[in-house]
Amino acid sequence: MLGRFPALAGVDLDVEAGEVVLLRGPNGAGKTTLLRVCAGLLPVTSGTAEVLGVDLGQDRRAVRHRVGLVGHGGGLYDDLSVAENVTFWGRAAGATDADVAGALTRLGLDGRLRDLAVARLSAGQRRRTSIAAMVARRPELWLLDEPHASLDAEGRDLIDTLIRDSVAAGATVLMASHEDDRAVAVATRVVEVRGGTTVAPVDGAVPEAPRAG
Amino acid sequence: MLADARLIAGKDLRIERRARVATNQVAPFALLILVLFAFALDPDRGILDRATAGLYWVAVLLSTVLAVQRAYALESTDGLPDALRLSGLDPAAVFLGKTAALALQLLVLEALLLAGVVLLYTTELAGPALLAATCLAATLGLASAGSLYGVLAAGLRVRETLLPLLLLPVVAPVLIGATRAFEAALAGTPGEGWPWCGLLAIFAAIYVAFGMLAFGPLMEEL
Amino acid sequence: MNQTTTGGSPAHTGSRGSRIVGLLAAGGAVALLVFALVLSPADRIQGEAVRLMYVHVPAAICMYLCVGLLGLGSALWLVKRTPGWDVLAAAAAEVGLVFTALTLLTGMLWGRPTWGVYWVWDARLTTTAMLAVLLAGYLALRRVPATAESRSRRAAVAGLLVVIDLPLIHYSVSWWRTLHQGETIATTDVKIDGLMLFSLVLGMAVGVLVTVWLLIHRFRVAWLEEEVEQGGLDLALAERRAEAEVGA
């Protein structure tokens, strides 16, 4: 529920560990809301939802530090530099300095951009910084809202590589996008979302694991 | 948890060092209030002298509202509330960190205002121990109550008008206590002022404790 | 009164219980008027003005009663999260504000003949004025548009803070004023006995009855408002599902 507007009205979704699931649908379909529910940020008002073994109906706060969410808002402090932002969010989650440095390097942020204030970055650079802040925390579940938006071709390659690498390291990825070809290429499965509900998945069977309903 | 609080406080102070809002906007505002009082109360009539303690603390209170607005406005933009909630930080630690940063900024402001009253109102400072203790206790109370109402109002569009209405009545005891303590110090009778300082300490303790408990639920609303 | 669409909801907020309370309160009020204005004696020092005490003191008691309920409702909502407690807190705050205003008004009317001015900075009046502001702030906070859960949560914390802060304000104000006081007679320094005492106690009883009656009705109105909001929500949910089917 968002205020008096029911953003989701009956979602049926199972995601297995190690999958890269793409949520595809028009604007206003509820993709962002679904991601935020999975992050434990929004309450589940009916049905059951279990993410990473945590029952969201009981204690959704418990799952929060284990997921990473990169959404429309950057989650960055404008007055601080790229490095300071990533360090702050990394340390808050208990990451080591090595994790932080590694994240900056992998996102190509350890050069000229490193000590630049976030306010002075372009949209694509800010997006990369947000992602770096998430990567430094090493979450088990990645929730990406429009990951390819505002990135240039090189940035998009970078994201795809990162997604594949993280899945190989044991993470699961759930992303929402309406940028078709690019996103479908890296996904293992596509799920249509429309009018606050998931429609029958476009390809493939529905395995065990967590349910959000 | 203290480490987390220090992380938050450090972040806030670093932002302040970059953006310089407290130094460039809140401090001049505080000094301006002292000047406005001089306009309103006519320095030649002796009222300013007698009212110095009260005017000082009114200036501090009004500046606190601004400082609190700023501290929480910078947390409510652009995905930051979500990021805070996902960060794994204990809300009590976030409260302590933000309160500490706020308190530090207020203490600097108060020192500046003391210089201001010495200069503008030709006040003679006396009873420095009582003055210092009062500032510390009052500031802790103001910062913790401010943090609490700051986060309460932060997510609301009407926060600019609502925050003063909510915060200022609640910190009235601080105004009463701090003014009486200052008056006692400046009059050379600090013995009468120390009990008021005790009241301020109790106020601060209550609000720090409550803040640590209530910050968690309130962070959901940011 | 409005008829609601959800089946089983009442058409108005009266009930047998509330009508009994209401009748008792009304009867008591009439009796109070008789005792207060006619039967009880005027005070030696303050004259007829002392009769305001029969409204002022009960109003103050009811004010504190409502503040207590505000705190109780807020605290219990935070513990149990059932909406009833939040509605109680809201109703208590509103009714409490009414009694606060009444206390202030009667205090000022009583003060005029007694001290010659409408306002003095004595502990009781000052604290009451502060309470009025605190309650006004609380009610303003409740009015800000937000989801029900969000509003209840903010209000619950704010409500608890009002109750926590009130003794701090009272204590600091009265300590401050006793340092400066001395000459002025507090309005309650009246020798009360016999018929005056009876009238006062009657006044308190009537006050409590009126408070309860007001609370019952305000609570029920607020409850119905929540039901209407919920009904609108169910409608919106159904529309959303229909949209999904059309799109699929």
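Think of it as A, B and C in the order they're written, each chain with its own count starting at 1.
Heads up, the rule we're going with is that a residue touches a chain if its C-beta (ideal position, glycine included) is under 8 Å from a C-beta of that chain, and two chains touch if they have at least 3 such contacts.
Only a predicted model underlies this, so the values are computations on that prediction, with no experimental measurement involved.
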Per Cα centroids, the chain farthest from chain B: A
When the mean CA coordinate of each chain is compared with the mean CA coordinate of the whole protein, which chain is closest? B
Using the average of all C-alpha atoms in each chain as its centre, how far is it in Å between chain A and chain C? 48
At what distance in angstrom does the C-alpha mean of chain C lie from that of chain B? 31
Could you give the separation in Å between the centres of chain A and chain B, each centre being the mean of its C-alpha atoms? 38
Would you please write down the residue numbers of chain C that are in contact with two or more other chains? 146
Touching residues of chain C toward chain B in the complex: what are they? 78, 130, 133-134, 136-137, 140-141, 144, 146, 150, 153-154, 157-158, 160-161, 164-165, 168-169, 171-173, 175-176
In the complex, chain B touches chain C at residues 148-149, 152-153, 155-158, 162, 165-166, 169-170, 172-173, 176-177, 180, 199, 202-203, 206, 210, 214, 217-218, 220-221
Complex contact set, residues of chain B against chain A: 4, 7, 11, 14-15, 18-19, 74, 77-80, 82-83, 85-89
Tell me, which parts of chain A touch chain B in their complex? 36, 39, 41, 61, 64-65, 67-69, 71-80, 84, 88-89, 91-94, 117, 130, 133, 137
